[in-house]
Amino acid sequence: MDGRIKRVRYKVRKRQGNVGDQPGLVIIPEGALKPHIAIFSYNKDELLTSEGKDIKVILDQFKKCDRRIKWSHWIKINGLGDAKLIDEIGTHLNINPLVLEDIANTHQRPKFDEYEDYAFCTSRMVHFNNDDELINNQFSAIIKDNLIISFEEDHEEYFEAVKTRLKAGKGAIRTAGPGYMCYALTDTIIDNYFMLLAQIGDKLDAIEDKVYSDADKSIMFNSQQIKRTLIIVRRASWPERDKINDMIRSESPLITSEVKIFLRDAYDHCIQAMDLIENYKEVTSSIIDLYLSMVSNRMNEIMKVLTIISVIFIPLTFIAGIYGMNFSRQDDHGHTLPDNMPELYWHHGYVYALIFMFLIAIIQVIVFWRKGWFNKL
Amino acid sequence: MDGRIKRVRYKVRKRQGNVGDQPGLVIIPEGALKPHIAIFSYNKDELLTSEGKDIKVILDQFKKCDRRIKWSHWIKINGLGDAKLIDEIGTHLNINPLVLEDIANTHQRPKFDEYEDYAFCTSRMVHFNNDDELINNQFSAIIKDNLIISFEEDHEEYFEAVKTRLKAGKGAIRTAGPGYMCYALTDTIIDNYFMLLAQIGDKLDAIEDKVYSDADKSIMFNSQQIKRTLIIVRRASWPERDKINDMIRSESPLITSEVKIFLRDAYDHCIQAMDLIENYKEVTSSIIDLYLSMVSNRMNEIMKVLTIISVIFIPLTFIAGIYGMNFSRQDDHGHTLPDNMPELYWHHGYVYALIFMFLIAIIQVIVFWRKGWFNKL
Amino acid sequence: MDGRIKRVRYKVRKRQGNVGDQPGLVIIPEGALKPHIAIFSYNKDELLTSEGKDIKVILDQFKKCDRRIKWSHWIKINGLGDAKLIDEIGTHLNINPLVLEDIANTHQRPKFDEYEDYAFCTSRMVHFNNDDELINNQFSAIIKDNLIISFEEDHEEYFEAVKTRLKAGKGAIRTAGPGYMCYALTDTIIDNYFMLLAQIGDKLDAIEDKVYSDADKSIMFNSQQIKRTLIIVRRASWPERDKINDMIRSESPLITSEVKIFLRDAYDHCIQAMDLIENYKEVTSSIIDLYLSMVSNRMNEIMKVLTIISVIFIPLTFIAGIYGMNFSRQDDHGHTLPDNMPELYWHHGYVYALIFMFLIAIIQVIVFWRKGWFNKL
Amino acid sequence: MDGRIKRVRYKVRKRQGNVGDQPGLVIIPEGALKPHIAIFSYNKDELLTSEGKDIKVILDQFKKCDRRIKWSHWIKINGLGDAKLIDEIGTHLNINPLVLEDIANTHQRPKFDEYEDYAFCTSRMVHFNNDDELINNQFSAIIKDNLIISFEEDHEEYFEAVKTRLKAGKGAIRTAGPGYMCYALTDTIIDNYFMLLAQIGDKLDAIEDKVYSDADKSIMFNSQQIKRTLIIVRRASWPERDKINDMIRSESPLITSEVKIFLRDAYDHCIQAMDLIENYKEVTSSIIDLYLSMVSNRMNEIMKVLTIISVIFIPLTFIAGIYGMNFSRQDDHGHTLPDNMPELYWHHGYVYALIFMFLIAIIQVIVFWRKGWFNKL
Amino acid sequence: MDGRIKRVRYKVRKRQGNVGDQPGLVIIPEGALKPHIAIFSYNKDELLTSEGKDIKVILDQFKKCDRRIKWSHWIKINGLGDAKLIDEIGTHLNINPLVLEDIANTHQRPKFDEYEDYAFCTSRMVHFNNDDELINNQFSAIIKDNLIISFEEDHEEYFEAVKTRLKAGKGAIRTAGPGYMCYALTDTIIDNYFMLLAQIGDKLDAIEDKVYSDADKSIMFNSQQIKRTLIIVRRASWPERDKINDMIRSESPLITSEVKIFLRDAYDHCIQAMDLIENYKEVTSSIIDLYLSMVSNRMNEIMKVLTIISVIFIPLTFIAGIYGMNFSRQDDHGHTLPDNMPELYWHHGYVYALIFMFLIAIIQVIVFWRKGWFNKL
């Protein structure tokens, strides 16, 4: 069992709630973590950061911000375990209940939906966690005016790099509005796909090396797990591409033309990732084919050698059997029966028999050799 | 045979009626259940419910409703076994005979057809019944003005949740018209797909666990049944998506823009279901591949071990055969033939022979070991 | 060989005529039957029927019809063995020679071509004949003004139901013009696809039952024949769908909007048939996979049992061989050689040997049991 | 090796010229034949024919033609071995060098390119030659005003039928301009696809018959060759369809509406050919599957029978081995050891032993029979 | 291991930089070569060439060029190991940082992006290097006004032919502007695909020859490598086609209509290459199928022959075993037991036994022969 990589679970948790429930209900997924809120308010020169557990921290921060300058806010919520929080945010910002339902229902495909004065987007944060398990969490964000609220399922520090860039304040990140922030987060997610694919590439490499050195049963298992991982990333990245495309073609003022240039870059990255996924899928199939062919060859080889050994000995054993027969040299009356196994009474009968057997073995070896049966297939 | 799941029947019942029949004839499917009618009349404040077996119950309810207030009606017909009822409804509401034919002919694909002042839609209610058999019933509905008539094939309580919401009267269900009711029913059907897929997911999980613990022939059978189930759900959900799309793009006043927002949500759910189906199909294939590879590996392993045991004994048996030969120590005249099997007359001949055999066995084991034939493939 | 269904011939007869022939030549297919003409002239109240072998019967009937009332005519020609007849019809109605060529060249795909004042359509009449052979005949029809001329390859009564409806005179059949008649014939052809598919469904069912009861080689053969049949129906029904779609979108006055409603119904049926075909194709593949897996399992089972029996006996036979050796108890001088096979001279040597053999057999059985080799794979 | 059909070469000759060569250079393919020119000048009443080896024959013919009547010319050039000729034609008619390059570079896909006052088209002339080798030559033609120049790679009489029709002068061939001539040549090429497909059909039939009678290794080889042939025809016919479609939609005056009717006919033929190709591809796969299944069944059958025979004899041989043991009836002191193989001293011991063996064999046969191991799989 | 071709590495180097980096950063790929700059300034009559290692050589050349004549410049940069150089070029020409990032990030798919007054395109330079390793380098170019700057990853002389044409000065190369130069470079890259495909064709040919002569394990390995190579070229050529199409449809003044005619030619070449790739993929699959079938046939053949030999000897050995039994001719009292193995005391018992064995062997051979088991499968 060792040598095996983690089994990839394909089972999607059941949709929360019951069949036929009223649409727009925020139903918290089972086992959801309590939310942790961080709010980053920034303009060209300043950056204010607060953290907390309920909506008060957001409202306090809003008050703190000087109204004469235009501030932008990034509200980062990690953990979806508080339906009340989501509902309150929805009420404050006047968000459609269906959007709130989608935030809590963590099986959304990547999409970009525009509403009157805000937009909503989702992505899949597919990556291996520290235990090498495949995580397929949902990222969602509400973009509004000067505000982006991002929702993640767990407390991991996934967007560290974006925070760093925000603190450094270089580039467009502090000035280009919530659309750019949305791009920055999306781009980080896509960058993580490449990280994931690089890890898959390493695993494929290890599997392939094993095929050539000491192939064992784990190869089939591992290749199938890789295949499933690739299917999951593909299911995440295909609609991601469409989503980015929707953003590029959007006429919403939230996505400025400056941001669209960057989105076009993210679009290219997304297609590169998809390309890589297709490539790895074909490589995985090729590894499985090679492995199956190798197993079958090796088995054939073993069976062939063993069978050849058997067949060489079978006629020899038969001859030994012949001369082990007890045909009597004398009948009941003591008369010699000269036709009964006279070879046994020859002077060198035994030696002749051994030589005869040896010849037969040699002839068989030669015949099989000539037929090419000793060649490796 | 145990361990097997229910065999999935793919056979579609023959189309009712005969080849070349006049179009528009309502032909009741063989074995159709007698209809059971429930009528729900509701407005913002009130809800009237009646039940019965013929069209009278509908007409009575219509009369009861106060004409000054606008009432909506949901007429729920379970069982298609009464051609007369369908014809009467058609006559009362002035419905095209082809629509009536489609209601009775229960092999429709999901579709949404608009007519002058009404619309007609069908869906497939695919689910496992209590005996774990796959049911693929037809749901159809006529939507008109302030009226929706839904037809189901059997008497099961499929839309319990919708009835409950109607009774509770919360949300848009009592006020948003028959288009919303049509959405609510369709959404319940799609929710049931997720239920079905969750059950399939559990079955797949059980099959996969079995592959790793005690694989037997049922795996192949069960995987093929799962595959067929997935094909059937896919055949139901693909046109369902197109149907919902048709409803979204419809310009009929029956589908208000308020309803379209909900339909877009249902559309997303439908795509999620399709995604899941494709995913499960790939997982099923992967399980079959793993199983076949495992069976072949196990068989190879057994055959290899057995053959190696044979081959080790074959030369030993041959040697025993040699020394079982009866070459005579004396010719007919009593002269000693010293060349005939002198080993038999050595002092320790037997011991030497045993040692020799033992050595040959050891050498074989070492050679096979060196060649790696004892390794698991 | 019994148990096999009819081998499906895929070979298309060579196109009639020679490479590079002038286009528009009517070349009669080899072995074509002599034509049999039936002409049905009808209006709301009357129906005149005549039969014959040449164009005279048509012209006579035309004359017979009272010019003050508008008559419609359905000329039904069974058998294409008379180039002259086709040419004469072409001349009378002023039909493009390429159309006449297509009538005689019986490899057309279903299509609908519009010309100035007439239209031409073809379909494939795929069905099993009484000998259970797959027939793939061509149906073609010229529609003009108040006239439809249909051409079939053989004399079978394929459109009996349409004739009956025409005689009964109910529905739109006598009043809705040649476009409706064309629809009625097309719909009959599609209805026959369902008949064919029901027969295929029965065959698939029989094959699958056989897989589980007494699988034999015929399963592979029969499944392949079913597959081919499905390919042939698919090749007929896909362009049929396009053809009906062309008719629906046609702006020709021959296809009235009343007929288009019926055609939309036929279109739905066609898609249902295609759905069913795809379904059956997947079921056929699934049956083949199950069968192959079952054959391989059964074979593995047999080989395993046989090999285990061999391996159990091999060491026993070896031991018997040991004690069959002739190591001498005395050397040539009569001295006892106590090391040579002393077991043979023990009091209970034979019994011990038998017990020893029995123990070895038991141990082997236990070891193999423990390894799970007696379990079914 | 006999029974095999010709191996189909897939290798495309290298593109002529070197990487990075200037575009528009006419580079003669290696081994190209010297051109042979035939010029046919015709109008409704007359037909002038000349043949030659250089451009002079064309110019002479032009002069000969009476200028008062409108003549059309078909210049038929067989063999591309003369770059100068192609260049001269290009100069005379003012043809784009890229077109001239395409004429000489014989790997063009079928296409139809329009230029200011001329058009250029190519096709693939795929057929079996007399040695049953697959030939995939290029046909190209320049169409201009009243002129068509066709280029073929070899000297074969491929368009005999067109010449005959031209001489006969019936139909539109002499009057409908160079567009019609282009259609006539294209149609002949497509007709040849049907000829080729008929030959492939015959070969497939022969292979399939062999599968059922005396399957041997050639089946796999031949099926693969057929598959490759089909791939090559498909690669020729798919773009051919697009090309004809381009011609139909062309607004060039060279393709008159009269010609377009014929082209639509050719388009239908092309689709029929493609249909047939797909059909044959599926049949080929089905034959390969049947063959593989049959080989595996036959092999299984043989191995099963052989193994059953072995297993029946193994216990018998063991018993014979038992009674071949030499346990002594007397110890060294001459005392009888009654426990040592008393059976050997029974009156009918030998007969009992034989009967015992026989019983064991019978029991085994019965057990195997019961298990159904003698049934054919 | 010999006979194997180079293992094709599929692993894409990780994207440079870190997850979430600021977009537009020029990050030099690890191991990038130091740039080598060549600048070609030309007009109809003159050609100036300089080489160097930094941007000074470009600026010097610009100064040298007489301003009264319009010069074009081709700046050819081999090696991307100098971020400063790329940044300086970007600053001088006012290029978007995302473009500069793409130049350094060498995993771009072929694309053509237009900006206000310049355009940017990339291609993949896929070829075998001298060690027969597959190289998949990036080519990128900035086209502006009278300037093209091309970037390559290594110092190889890939565009020798273009340089030669530039020196010769024939054709449009000196006069048709940077768009034409871009075409010339792109066309050279596509020409190299044909070179690569010709090499692959040779390898496939060698592999297929080996299948028929002395098939060994390398066939599977090599075919899989070829498959991967084809996947890589396909991934390069498909977007290349789209890119050329984008260039053709571009309205940028950089791509003149004169250049578009040449681009259409390049487009045709690209499709020919893609065609060839698909063809080779199918051939590779066909070779693998043939090989697997051959291996399995050969193995079956060997096992069959060996098993037949075993089975022929098994009954013979059994008979020898029978007559090797020691049933005593005399009981303990010296009485003759005439039923115990009387055959042993017949006059010609031994001869009869040998004849009997011989007959059994012959009968077996005849039976197996009759069953066709000696035929090759």
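Letters A, B, C, D and E name the chains as they come in the text, with residue numbers starting at 1 for each one.
Throughout what follows, a contact is a pair of C-beta atoms (placed from the backbone, for glycine too) under 8 Å apart; a residue touches a chain by one contact, two chains touch by 3 or more.
Note that this is a predicted model, so its numbers are computed, not measured.
> Subunit C and subunit D share one sequence, so how far apart are they rotationally when you fit their Cα atoms? Give it in degrees, rounded to a multiple of 5.
70
> Express in whole angstrom the distance between the two chain centres, defined as the mean CA positions of subunit D and subunit E.
Here subunit D and subunit E have centroids separated by 25 Å.
> What whole-Å value do you get for the distance between subunit B and subunit E if each is reduced to the mean of its CA atoms?
Centres of subunit B and subunit E (C-alpha means) sit 41 Å apart.
> Touching at least two other chains at once: which residues of subunit B meet that condition?
303, 307, 310, 314, 317, 321, 324-326, 341
> Examine which chains touch each other and state the graph shape they make (line, ring, star, complete, other).
Contact pattern: a closed ring, each chain touching exactly two others.
> Inside the complex, what are the residues of subunit A that reach subunit E?
Within the complex, subunit A touches subunit E at residues 159-162, 164-165, 170-171, 173, 184, 187-188, 191-192, 194-195, 197-198, 201-202, 204-205, 261-262, 265, 268, 271-272, 275-276, 279-280, 282-283, 286, 289-290, 293-294, 296-297, 300, 303-304, 307-308, 310-311, 314-315, 317-318, 321-322, 324-328, 331-332, 337, 339-341, 373, 375-377.
> Under the definition above, what is the set of subunit A residues touching subunit B in their complex?
For subunit A paired with subunit B, touching residues are 10-12, 14-15, 18-24, 96, 98, 101-102, 107-109, 111, 214-217, 220-221, 224, 227-228, 231-232, 235, 288, 292, 295, 298-299, 302-303, 306-307, 309-310, 313-314, 316-317, 320-321, 323-326, 329, 336, 341, 343-351, 353-354.
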